[in-house]
Structures are given as C-alpha cells and as structure tokens.
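Have a look at the structure below before the remarks.
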Amino acid sequence: MMELTDGWSGLLRRSTLSEECGVFGVWGHPDAGLLTHYGLYALQHRGQESAGIAVRVDEQDLRLRSGMGLVSEVFDPEDMKNLGGRAAVGHVRYSTTGEPSMRNAQPLCVRLQSTLWALAHNGNLVNAGSLRSRLEEEGSIFQTTSDTEVIAHLAARVGSGTARHRLETALGQIRGGYALVVLTPDELMCVRDPHGIRPLCLGRLDGGWVAASESCALDTVGAEFVREVEPGEIVHIDDSGMTSSFLGQRPSRRAGLCIFEYIYFARPDSNLAGLNVHQVRKQMGRYLAVDSSVQADVVSGVPDSSLSAASGYAEQAQIPYEMGLVRNRYVGRTFIQPQDSLRQLGVKLKFNPLRKVVQDRSVVLVDDSIVRGTTCRTLIGLLRTAGAGEIHIRISSPPYQYPCYYGIDTSRPGELIAADRSADEVRDLIGADSLSYLSVDRVAQAAGGDVADFCTACFDGEYIVPPQGEHDA
Amino acid sequence: MMELTDGWSGLLRRSTLSEECGVFGVWGHPDAGLLTHYGLYALQHRGQESAGIAVRVDEQDLRLRSGMGLVSEVFDPEDMKNLGGRAAVGHVRYSTTGEPSMRNAQPLCVRLQSTLWALAHNGNLVNAGSLRSRLEEEGSIFQTTSDTEVIAHLAARVGSGTARHRLETALGQIRGGYALVVLTPDELMCVRDPHGIRPLCLGRLDGGWVAASESCALDTVGAEFVREVEPGEIVHIDDSGMTSSFLGQRPSRRAGLCIFEYIYFARPDSNLAGLNVHQVRKQMGRYLAVDSSVQADVVSGVPDSSLSAASGYAEQAQIPYEMGLVRNRYVGRTFIQPQDSLRQLGVKLKFNPLRKVVQDRSVVLVDDSIVRGTTCRTLIGLLRTAGAGEIHIRISSPPYQYPCYYGIDTSRPGELIAADRSADEVRDLIGADSLSYLSVDRVAQAAGGDVADFCTACFDGEYIVPPQGEHDA
Amino acid sequence: MMELTDGWSGLLRRSTLSEECGVFGVWGHPDAGLLTHYGLYALQHRGQESAGIAVRVDEQDLRLRSGMGLVSEVFDPEDMKNLGGRAAVGHVRYSTTGEPSMRNAQPLCVRLQSTLWALAHNGNLVNAGSLRSRLEEEGSIFQTTSDTEVIAHLAARVGSGTARHRLETALGQIRGGYALVVLTPDELMCVRDPHGIRPLCLGRLDGGWVAASESCALDTVGAEFVREVEPGEIVHIDDSGMTSSFLGQRPSRRAGLCIFEYIYFARPDSNLAGLNVHQVRKQMGRYLAVDSSVQADVVSGVPDSSLSAASGYAEQAQIPYEMGLVRNRYVGRTFIQPQDSLRQLGVKLKFNPLRKVVQDRSVVLVDDSIVRGTTCRTLIGLLRTAGAGEIHIRISSPPYQYPCYYGIDTSRPGELIAADRSADEVRDLIGADSLSYLSVDRVAQAAGGDVADFCTACFDGEYIVPPQGEHDA
Amino acid sequence: MMELTDGWSGLLRRSTLSEECGVFGVWGHPDAGLLTHYGLYALQHRGQESAGIAVRVDEQDLRLRSGMGLVSEVFDPEDMKNLGGRAAVGHVRYSTTGEPSMRNAQPLCVRLQSTLWALAHNGNLVNAGSLRSRLEEEGSIFQTTSDTEVIAHLAARVGSGTARHRLETALGQIRGGYALVVLTPDELMCVRDPHGIRPLCLGRLDGGWVAASESCALDTVGAEFVREVEPGEIVHIDDSGMTSSFLGQRPSRRAGLCIFEYIYFARPDSNLAGLNVHQVRKQMGRYLAVDSSVQADVVSGVPDSSLSAASGYAEQAQIPYEMGLVRNRYVGRTFIQPQDSLRQLGVKLKFNPLRKVVQDRSVVLVDDSIVRGTTCRTLIGLLRTAGAGEIHIRISSPPYQYPCYYGIDTSRPGELIAADRSADEVRDLIGADSLSYLSVDRVAQAAGGDVADFCTACFDGEYIVPPQGEHDA
C-alpha cells in the first residue's frame, strides 16, 4: 500500500506487474530455515528484487524476514541463527514494470481468522483485476498490489473448512499460470496451475520434504529429486505424510510448460520435465546450425545465457567456439546510469569484446532471444569497433512477438522489435550481416516434444488461458 | 502484522495495546504537510514511539511517510520539500505494553474500493476485540493490531454511500474513548467519541482549517482557536466549507473528558474546555497545600510535569519554592540499561538532587501522580543521600487504582501501588515521612467542574463506557 | 581530513573551530567503560555533536567507539557489553562554526611509536595554527583539524622519555584554555591550563579514580568529589597511585576560570570552585533585581538556562514568578528549517507563551545573556502577540562584546548585538520596553570573587592569554 | 587506526597485509570522476573489499569518497553528480589476511604541508616495517596500517622541492613490487617498481590521459591504449603534457612481471606486455594437453577463471569441451557460513555439477592453480556424487610453493598444499585419479618469454627483491 520506510511514496494503484519469481518450501526438517536460505541462493536468477523467508516456529506462529535486494543483502548471519522451525517457505522476486515495492515482497503472511498463512507465489493471474474489484466491493482491504493477496482474500472468504478446502476453493476461482507454495502451522501445500505453465518440483531430504521452482535448488540443499508437481495438482504435506489431489478434472486439460523456461529463464543445471536445460539449449544451437548455416571463422555466445546454445552451434557447424565477449560480473542492478555524453561507456561496462579473437574475422554471435534489440545492436557495434568482419546473428528461439500474461515480464508489444518486423528488417535495424531465428517447432523438438506440449504464446499468440482483456488496457 | 525491515519478528497476535497519541489535520492550506509536521512537534509529548504524516497530493492520491521514533527522527528535510498538498493528517503514537511495531504506525492508509483514506486515531475501543473477530470470520484480513483498522474495515463493509455515511455507520458500531481525524481525497472529518473522553479542537489559518488534539498545536502553527469538537460530533470539512452532525442523539449522553489530561498528559500551555492546563495544575497544588499542609523548609516538584502543581503548593503554603532536583534532558527512550551492579547509577542519570538546596532541610516534594511507585521511592532515596531531612510527598491527584480502557496506558492492576494499599502503606513502601493525595473532588474542582463532568475511572472505577470484559482477560 | 562514510566532502582546510566540550576519565574501576558512558550522559549539555569512549582493554591495546550525535545515538547496548577494561576516557563535543566532522570526533587515538594514547580535550589553543604549520613543515601529517592533534604531534616529536615527560614537554609549547584527559596503557593524566580557564575535577569510586569536566558527572556515577584539578596541574594516576606536578612555575600565574561557565554553560547541579551553579545564578538574579528594579506583574525566565536567575529576581523583587513561556523539549538539533513563508512558525515551535499568564500583564523576562539578539527579539514578539503589556528584559550578565578564544564558540564580532551598541540601542532593536544588564563586578561577586578571579574577556576584552592574531584572520 | 563507525574495534597493530588492488587515474578530462568510476568497475576483479575515488575539484582541493564493499555499493548516483573535476584517481582493494579496515581504504588522501595528495597503490613494500619504525621514532603518527602511508610520510619528510622531487626521493627508499598513481592539485604521477612486478598502462581519451592497472579498463572507458608504464618509470602528467623519468639507472635491472597476472589475476580481455590474457591461458591449456595427455570423455574447467585454459586443453586433446560445473553467480563475499551439520551444503551453493554431462564419464577438470587444495578436493567430491567416472585434474601452472611478498595474498607456507608434497601426494589428498601441473618453463613460454622475464617466486622461490626477513616473522 505504501512504503513505510524509505521516504514519501505513492500509495497503491492497481497495476498488473508481471513477475518472474522463485519459490521454495520445506516441511519436516530441523534446518528448514537455513535450507530455504540456501535454496533461495540457487533460485536467485529467477528474481533479484526482493527475497523473503517465513519459518513456522511453532504450532501457532510464523516468523517472517523479507527485504529488498539479493538474498545475500536481505539476510545476515544473525537472521539465520537459532531458527528451530521444522518448516519454511521462501521467495525471490523480480518485477520490471512499475516501481519495486517492499509491500509486495513475499512470502505474503496473512492471518485468516485464527491461522497464519505464508504464501510464496510465482506467476500471474489473468483475472486478478476483476477478482480484486469484486472483493473490494464486498469490503476487503488489500495491503499489496500482488496477485498473491487476491488468493489470500478468496481463501479468507471461504466460510469454514480446512486450510486445504479454503485453498482449493480459492484456486477454483482464479485463472493464469502459477506455482504456489503455502505454509500454515499445520501443513505445506504445493500447487501448479492446471496447465503447468510454471515449474515446481519435489524432493526429499533426511526424511523431510522440499519443494522448489527448479531442480537445481534441490541439488544445492542435497535433496533427492522425487518428481515434479503435476499440472493442476495440489500436494498436501503434513506430519502424517503427503497426499495429492487435483483442481477440477485432471487429465482433460492441455499441458503447457512455458517454453521460455528452457530458452532463457531456468538455470542450465536444472532439469525440467526430465530434460537438462543446458542440453536442451545446446540442442537448440545444433538445430540452429543445421537450419541457418553460414561460413564463419568463429562462433561466440552472449554470456552467460547463450553459451550453451553457442557451443552447440559451434559443434554442429564445426567452427571454432571462442570467447568473443567478456562480461563484467560486477555490473549489476545498481549500476549508475551514465550522463548522455557517456552513454556508450555505460554499455562497454557490461561487455568487452576480445579484440584479438574477433579482429578481421567473420563471427557468428549466438543469442537466446531478441526482445527489444537494444543489447544486440550495441554488441554488434562493439564487435565492429574491435575489428570484426562479418557478423552473423543466430537466435536460438523464434521472434518474440506477443506479451506474456503468465508471469514473465516482457516489454509492451510496441517495444518488441520483432512484433511487426521481418527478420530482414530487424537485421538492418541491429546492423548485422545476417540474422536467423530458430523455428518454434525446432524449439519444441529440442525440448523433447511438439508445440502442443508447451505454452508458446509469446511466439505465436496462442494463449492457453485467455487474458480476459484486463491486461490489454 | 510483521516487521518487514528489522530482522525476524513474530507475526501479529491479538493484543490490547493501550495507546496515548496525538492527532493533527489540515484542510485547505498550501503548506498542509509542513504545518502538520510542526503540529506533530507540538504534540510530541503525547507519543514518542512513532510518527507519520499523510498528505493529499491530488484528488486521487495520498502520500504517506511514517516511521518509528521522534518526529525529528522520522522526517528529514528532503521529506518535507515540494509537498504541494492542501490537506494532510498526522499522528504521534506511544505504546508501553507489547513491542512497538512499525505496522501500527499511523496514519493508517487504506484503500476502500476506489478511495484512499488516511486515519489518525487517539484512544481505545472497548469492543475492538469482538468486532475484529466478527470481521475476520466474515473474511477480512487485518494488517495491524490497532483499533484503528477495525474502524477502517467497518467502513469498508458499508456497501455504498458517501465517505461520511461510511464513517458514521462504522462509528455507530464502536464504543470507547477516541478522537479521530480522517482524510480522504475529498474531505477531512474530525470526530470525538460521544462522551468526549479524548480532546480535539479546531482552528483556522489563512482561510484553511486545522484540527489538533491540543490547542498548543494550534498556537504552534499560528492558527486561531475556533472551538473544541463536541462529544459525539462529526465535523466534516471540504472545499465547500464545514458542516457538523452527531453520532446518535446529541445531548443525552454524559460528558466525560479524561481528568488525567489535566493532571499529567496535556501540555501546560494547552487549554482544555476553556481552562489553561498549567493554571489548573497550579490550582491543584494550592488545594493540596490547603488540604495537606505540613511544616517544611522548601517545596520542590519532580521536573517537568509537576512544576506547576509544586509552584501552586509553594505559593499557597508560603514555603520557598526551590529547584531540588535537576533532570537530565538527554536521558531518553534509548537509554542503555545498566548491569545489575550499577543499577543505582541508571537512576541517577535521570535526576540529580541539588545537595546545597536540600541538605539538612525538610522538603515537600510534589508529584502529579504515583503509578507504580518506583520512581518516587528512588527519588526519596536520592534526596536522603543528598542530606535531606524530612521528606513529605504530596500528590496532586487521587490514588491511581483502576486501569484505563480509553487510551492511556497504565500498568496492570497488580502493579498499581495504590490499588490495594492505604496511603500509610504506600508512604512506608516508598520511605517518605508523610504522603498525601488530592481528592477526586478537589481535582474536579480545580478543573472547573465536579466529578460528573469528567472520566475519573482510574480513581474510582466508574467506567463511563463499560469495558465488556474483553480487556480483563 | 575527510569524511570517509557520508558522501563526498571537502578535504581538510585549516580552520579555527571553537569547541565546547566535556571530558571524562576513569582509572582503576572494573566498569570503567560503562561509568564513562554514564558520565558522558551527565556532560551531554557541553556538547551534542559527537561522542566517544576509548577503553583500555589490556596493557597493549585501547578500543575506541565514537560517532556523530548524542551519547544515546552513538552507543547502543551491544557496544557496552563485555567491556572488561579498568580505565577509559570519554568526550562529548560541539562545534558551531564549520561543518561538523567525524574525523574531529574525540577521544583522539594515536600511536606514538609503540604506545597508544587516547586524548580527550576541552578548549582551544591560541597558538595551534603556528604550531601546526611548523610541524607540517617538519614532515608531520595531520589527520584532523582539531587542536588536540597538535598536542599529540608535539608529544610524538619528543625523542624519548616517559609518557608524562612527553606530555609535559608538549604542553610546555602550547597556550590557551583547556582541560585535558589522556589515557595510555599505563596511566591516566588530567591537566588544566595554567590559568584554569576550563574546569576539571577529580573524584573517587570504589577505590578507583574519576575525572570530569563538571561535578554533576561525579554525582551521576556515584563518585565522591575529591577536589578540582588546579590551574597548571598535571595529575598522574596509575596503579601505584596519584601524583601531581605543575607546568612551569606554579603560583605566579593569574587564575581565570571562565565566568561563562557560571552564567550559562555548566549544569545547575554542578559546583565550580566550591559554589553551586544554580545558587550562583539565583544570586545573579537577585543582584539584577537590586540593580535594575522595575514595576511589573510577573517575572518569567527563558527556559531552561535562565530559570535560576529568574527565580532569584522574583524572590528579590517580590514579584510573582510564573511560567510565561513553555519550551518544547523535542525541538532539537535536527529541526527542519521552515520555508521563508513559514519562518515565524519555526520560532513558535520552540517556545510558546502562556497567554493566560501574560495577557494584559507587565512582564519581566530574565535571560542569562544576549549574543546575537535574534531569539530575544522573537520571544518579545511572541509575548506581544499573546497580549503581554510592558516587557522588561533583564540579562543576568554584562553585554557580550568580544569573541572567546579559549573554547566557547561565539558568533563573529560583527554578529554580537552588543559589540557596538548601547543598551538603549539594543532595547530598541529587540523591541523591549526596557533592557538592563548585570555588571561584570556583580557577576563576579555572585560567583564569590572579583573580576580578577575570572576570565571575563568576552565582556571586557581582557584576554588572559593573548590570541596571537591567528584567530583574527 | 581504528574503525570510527562500526562498533568497537581494535586499534592499529602493525601487520603485513598482502593486498591485491587495482588503480586508475585520469588527467585532463571533464568527466574524470565518472570515468574513474567506470574504470573501477572494470578493475573490480582485482579487489572487492573497498573502493574509493579522489577527484581534483580545483587547484586547491581534492574530494574523496571511499567505503567498504563493491564499487556498486560504495557509490550511488548522487555521489557521481556534478563532479566538475578534470582529474581523479581511484582504487579497489582486497585483503585476505587481517580484518578489512575502512582506514585502509584508498585512495589515501594526505596533506603534505599545504598540498593535498591522493595516492592509489597496488602492491607491497618489503621494507615497509623498518621504514615505519624509523618514521615513528622520528615522531610521525600513522593513520593506517597500509604501506601506502609509508610512502606519504617519506615524501612529507623531504624538506623542500616539487611534488615530483618529493615522490622520487621517497620511492628511492622503498623496495618491493608496486604500481602507484598519485594525484596532486598540479599533476598526476604514475609509477611502476623497478622490476615492473605490478602492471600499469597508459591511454588517451578526448585529449586527456588515463592510467590503469589493466588495459580492459582503458577499453571500458573508450580510451586508446598508448603503452605500458615501464619498470622503474615515473610518468609525470600535467597541463603542459607528459614527461618521463626513471628511478635510478634505467636498463640494468632485471624485469619481472608477476607471472600470476597471466595465470589467474588479470581479466581475460586485458593485454599484458602485448599479449592477450585469454589467449595466453588458452595456450597454457594447449601445452598442458601436450605435456600431460590422458584418455577422457569430456574436458571441463572450473568457472570462470579456468575456462580459457580448459578450452585450450580440449582443442589440443580433441576431447569435447563441456559445461561440467555451473557456478552460482550470486554467492559472494557475504555468504553466510553454514552450521557444521550443513557444511556440505555451503560448498554446493557455489558449484553444481551437471549430472547429465558427467555421469558415467571420464572427466578432465582443468583449474588454473591449486593453493590450499580445499576447493579442488570438494569439487572432485561433487563430481563423484554426480556419477563421474575417472577424474583427471590438470593445473595450468606449477605447484604453488612459496609466499608472495609483492602484492598477491597467499596463504601461509604451511597452508600451501604443494609446499612440501609431491604431485602424487597431492593427488591422493584431493582424491583425483591423476594430477598434472604445467611446468614453469611452459608457463613462461605461453606468456611469450622465458622464466627470466617474469617474477616466478611463488613457484621457485627466486625472489627478485629479497624480502628482508621482516615478513618471515
């Protein structure tokens, strides 16, 4: 609703923040808080804006610690000491539209009558706006602008019943793409939306349970991977064990894991639907080399997200793979924007071409995607200044043309460089000698399925869950 | 609900914080934010735990700045710049039971459907607990533990109508002692409970309106005192002027300004019900000298709150008034408690007797009240160490025997030294040579009325608004 | 030299900060650090800009904690835990000219070859500038702009010998008014300048030694007053006891305690040269009533520093003493300056006249001094607005006409309202009906001596230690 | 000397911190401060403990901003605004022994008589201890424990002459490995030690001059590389241009760039002595494959520093290069150490093996060096857990056996795993199937010279500048 600590700030206006987040949960382990802390480190790439952990300290009470910034900035050693709880949930969050807000940091902790709930949520609801309006008309007062609180209010309005019943009833009213972990004093509940757009998996450690957005977080805490939560499944874990149920009818709905998790978002050492992300990306690079071959002296990738695809391209094309760009690891979120006269410097801070590698050579530069085209155009300029000859851009995904409504922030349609431009037009705009994309079929093939197995709305506009028009405004 | 910024902390449990607070409001002045800032300085004695200001920046939006600590700690010059709003409300708060909480800082800003409200509230509701339970059962989610939010939820549940209608409907359901200032984008509303237990007055400045808990805050901003808000009155101010209405039937209820405002709580330069607080206190001292005279060499007061009464006593008794105790102005809330072996030092930090004044003399020490007796006993010890002869304690109020449920924090009944002890027993406990109180009739007489004109529940247990048993638990 | 932590800041330029400070020291007590902490609370009125404590943790090492702000802001409970040292020195500091600087916070800790020294210093050296220039020419590098460091460098340059010898040799080269406490791993040394311009006294507690700028700090920690350090005396305390020596020839020099310590600077509960400060001030008020009587209805003082003198005036003149002005205790150093249009409000924040006390009455307003005249003029305006009739200003000290070079900050000569104006001119400027000062002879008489016993340079320009012209620049 | 701001801390004790640092300087550019800020980003890999910038604001004054932490943490946008200076120096610093200290943050700004100097220094002096002792005996007072201040005091003691003369005289007394940039109001001086152990290069931008530890920082600000500062050279830059002189006799001394700059320390996109660091590392990997070939399925490097060598090894050996380990980029300096029971988790936070890449495969793991062996042993354990078959460790440098005294921190000799162990013993200790090093001759060959062209003391104990025994204690 308002910033309580950092100066004057505007009160809440409704907005539709698109968020990319990571969630983590533990039940039944004596180091639940510390495990969650480590798990969030492993999921940090999914959100760097805020981080939070809620620990169940006893049958009555939860404790919450959250703040703006990286996991390493939010928590200090004192925070992590003497946390005796056997259950916890954690969250990392990133929003690129709207101003970041402490109020929206998660887990969201609310009291539903006599019981405290902590909710950690990755994704977006497409009907959040209309639900919120209805709830406010009925007298609910919202504290945040997040979709997560809509779920909490819906659950609060369920007259009676178990927490599981309340949650199921609430989720029956929402639509969108989400992974959700809910901690109450009595149980941990893990849910994926009916299409499985956002990932969520389960593991076991020392007799307890661990849930995480990605399997790399299970590895990090040493948990054994058990299985993914299925689309539409509610996994309910308490001291008497784990049970499962489904939202509505189980098998009829079309599955639809977000294909962008494979392309860019997930960590290369995570497995999704049984496939390793690095290997899927490498395969995308190989297909790209097959479909869009070119004569060149050297293949480079844009560090770090495109290195897997670039190495696949190089292998397939049998062109030497080289470190053409060095990335400065210390240029992060808080970088100070340069004055106009020095804008070029700002870009050079982040990437530096390796002149001795690219000079007088024909270069294939592989990137995982082009969204607005700004970075790509700038990198081409840097390479040219460093003496590169021909520059061939190879994108290991299709043209990004449509906004995502299920949890990955994208620029507005007008800012998507490929929204209404052909590949040749984009090529000219960014100054490349050639530009090729990978087709959506090839992407799906690299990910072990076909287009019908994934949400590919950002490429083809086929929205599994219609956005209801709320977001079009 | 939880502390978002400062380490792990327990989530909300229901508690019945008794709060002493100050409220301030401005409508129709171009420096509304800055005036409120100054007004809070003038009301700082009513609450040092947190401070906040909400400014109406335009017809849609409010801005809030609040924080833990003194006004001078919460606001810095940058905060106060460029505040163009013509309306604002402010609040200072103090709670002595329970841990202080950022979440409970006021003004409380909430969105009721499409409208933002900022509420600044002084007082306590006796039926807050049962109202909160009912609202939670109906699905409301509370963010704070404060009574103020109960009022907000009640107003949110009113299906339709103007803000004034919503507020009146909500206030119709609550009982207790309170002064309330509510700012919406369209109006400023100022309310006192039907018995007028908490004070609230109105003034005018440069064509605009100012509301404040005490008249000293009107003086501070240069506003002209107009009148007090009457018990049960809702003053409604907007750009078309000021109108007034009353909660329920107007004249039938018994009035009951808290007598402790005169005794201790208000600033000496404030006027309440037309009487100057310093002069009322001085009169209490005179009556005390009449009713409980004693032979002595010197009269001293405990600085600062008892200096008025002490000077009245000295004048009446014709005993020289002297500075027997010096108070260290720099010992405040954040004082570091001494180790056991140095506990005596801790007390000496705050008060130092003036040996050359008290040595070998018989001293009348006037204090405004005795609550737990600890300070009084310690001061007597310090005076004895400094060589004082006889020490006669004169209290300018009756024995404090019953808890207050309307907004002044008191110790639990078991901690009130006078709850079940005669004056002689208390005298022996604190080590005085004599001890006398002022009767409740005399106190009322000094305040210009009789007992029926005031709330004197803390002295006689006659609660104007029955506490419903919720607080007895 | 520079601010290391709070943004860009200018590097050191030579400046002649005039400082008012308090010093405290302990030797041979197991709670040395905590006692010093409490002692600084008692001396806080002597300096609110920075505070610091150095504790001798063992025979090799000192630990320092200092910071900008009040004692309560600089130290937190964690700082005070587990301080096992048996010796410590502390310092509070205030500078009104130049920007406050963390670098100048004291105690100043320096390594002289293999030994750490912590110096706490109250006062100013009149030859600091020339000494500093000479030392820099010889290759010394200064860290601060404080005079204290000049003493440290002089001691460092003494080729060999004991710490006492080094200190004596250094002090032999300096001139000015000062009280100095120096802690080394082996001893505590306490020094007053040869004229005794700045105060310093000694006490004992539990077998150990305590030194303090004022006796109120001895009271606060429960130490028994032993005696004052004599002008020119070096008191040397170590585990084998206390010894004393003198700088140069002992008795020949003229004594000269700063008369302003009695008038304004010291706390009323301190004793200086055997006289209680409150009682001296009260006597000044009595003399003022004798010398400058006037017909009036009421006498008031400007809180807090003038209340003693005002009560003396009222007693002598047999005019009722009343609380004509209430001071807001919460308006402190960090007050936000109002915009031009609201400047009047800013003044009202600090003082509020009690209208019912002053209205239609002739008022004697007693103040301890007039420096620039701004506050006095404003107070007169406030009283007039509150309806006061005649306003007679009575100042319990002579016209302040000359700058102080020995440690009390004063405005530049051009800003001293009395520097070149007669009493009548000042009266007209501030808008009073009459204005009278107390003569310097009367002031000295109230302080138990005659003018020759004190430094009265600010009133008569008779500088005990010639300022060398350095400060005139 | 002491921490002024963050709690109690020990005063200075002499210590011999080994520091790895980066320096940067600008003369004659209107954006000198901002360029330095960007330059420090590019040099951040050379030190993450503190950062600082001193800007020449006019002919009299410098401004300093420094603090603990990364460049992005120390500076905020407000710091960088409106910096009108045309000259600046900057510094990033890292120390691994002893506690990090704000006092030691650089640039070191000191006043030498009437002139301010700002010194930024990379390296260590081998005779700092004896020089410091002598200076202290002569009465100098040190503020820091850094070697840099020794240089400043030596310069301060030079009786007269230009800044250049003072600096040359001071440097004539010191011995060690260093790169130094000194800014005075009148000039910028850039120096390398007579053997050129630490790197320093010069560039030009928009008519001004830029100096930097590595050429990647010139690239980042868009400066054109001019040349390296030569061993023993003092480059003197002022508004009339650049001149050069040499410390002592120029050509007779043996050159000795630290070979570890090539192996590990410099950024891969920097060039040193005309060779690109990435390409030198790749060549080391190729030689390693030639000299220590092994049958394997896959080659991986330890990210990030070993990826160049690993790719060279893979190319030469014609074994597929794969991403066997993923590094978590968010695990940094402030990572919270796990409890004993979770120590394994702590390690897994930083590196995660890619199971699908290494499972059932024979792996060559290339690392640039082994210092204590801890990380290597742990990585081998992680790979085994992930199912790797044989694990062959290939180190692209010789056994690290001797401490460095010229500016790169190393563990104590007793902690160097190779100090007294054969390769086979180390292999067994870390649990590898085989272990091979690259010979010092091969390392020098890859760096384009022979052993006599570099400082290789850490490998062979041949110290170019004898350490004098001070550091042996």
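By written order: A, B, C and D. Residues from 1 in each chain.
Just so we're on the same page, a residue touches a chain if its C-beta (ideal position, glycine included) is under 8 Å from a C-beta of that chain, and two chains touch if they have at least 3 such contacts.
All figures in this text were calculated on a predicted structure; none of them were measured in a lab.
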Have a look at A-D versus A-B and report the one with more C-beta pairs in contact.
A-D
Please indicate which chain is farthest from subunit B, where distance is taken between mean Cα coordinates of the chains.
D
Could you put a whole-Å number on the gap between the CA centroids of subunit B and subunit D?
62
Where the centres are mean C-alpha positions, what is the separation of subunit C from subunit D, in Å?
50
From the C-alpha centre of subunit A to that of subunit B, how far is it in Å?
50
In angstrom, rounded to a whole number, how far apart do the mean CA points of subunit A and subunit D lie?
36
What are the residues of subunit D that contact at least two other chains?
none
Viewed as a graph of touching chains, is the assembly arranged as a line, ring, star, complete set, or other?
ring
Interchain pairs in contact, sorted by label
A-B, A-D, B-C, C-D
Where on subunit A does subunit D make contact in their complex?
31, 34-35, 37-38, 41-42, 44-45, 48, 70-73, 75-77, 80, 216, 219-222, 267-269, 271, 276, 278-279, 304, 307-308, 311, 315, 320-321, 323, 326, 328-332, 334-339, 341-342, 344-346, 348-349, 352-357
Which part of subunit A faces subunit B closely enough to touch in the complex?
1-5, 7-13, 55, 57, 61-67, 78-79, 83, 102-103, 105, 109-114, 116, 136-143, 152-153, 156-158
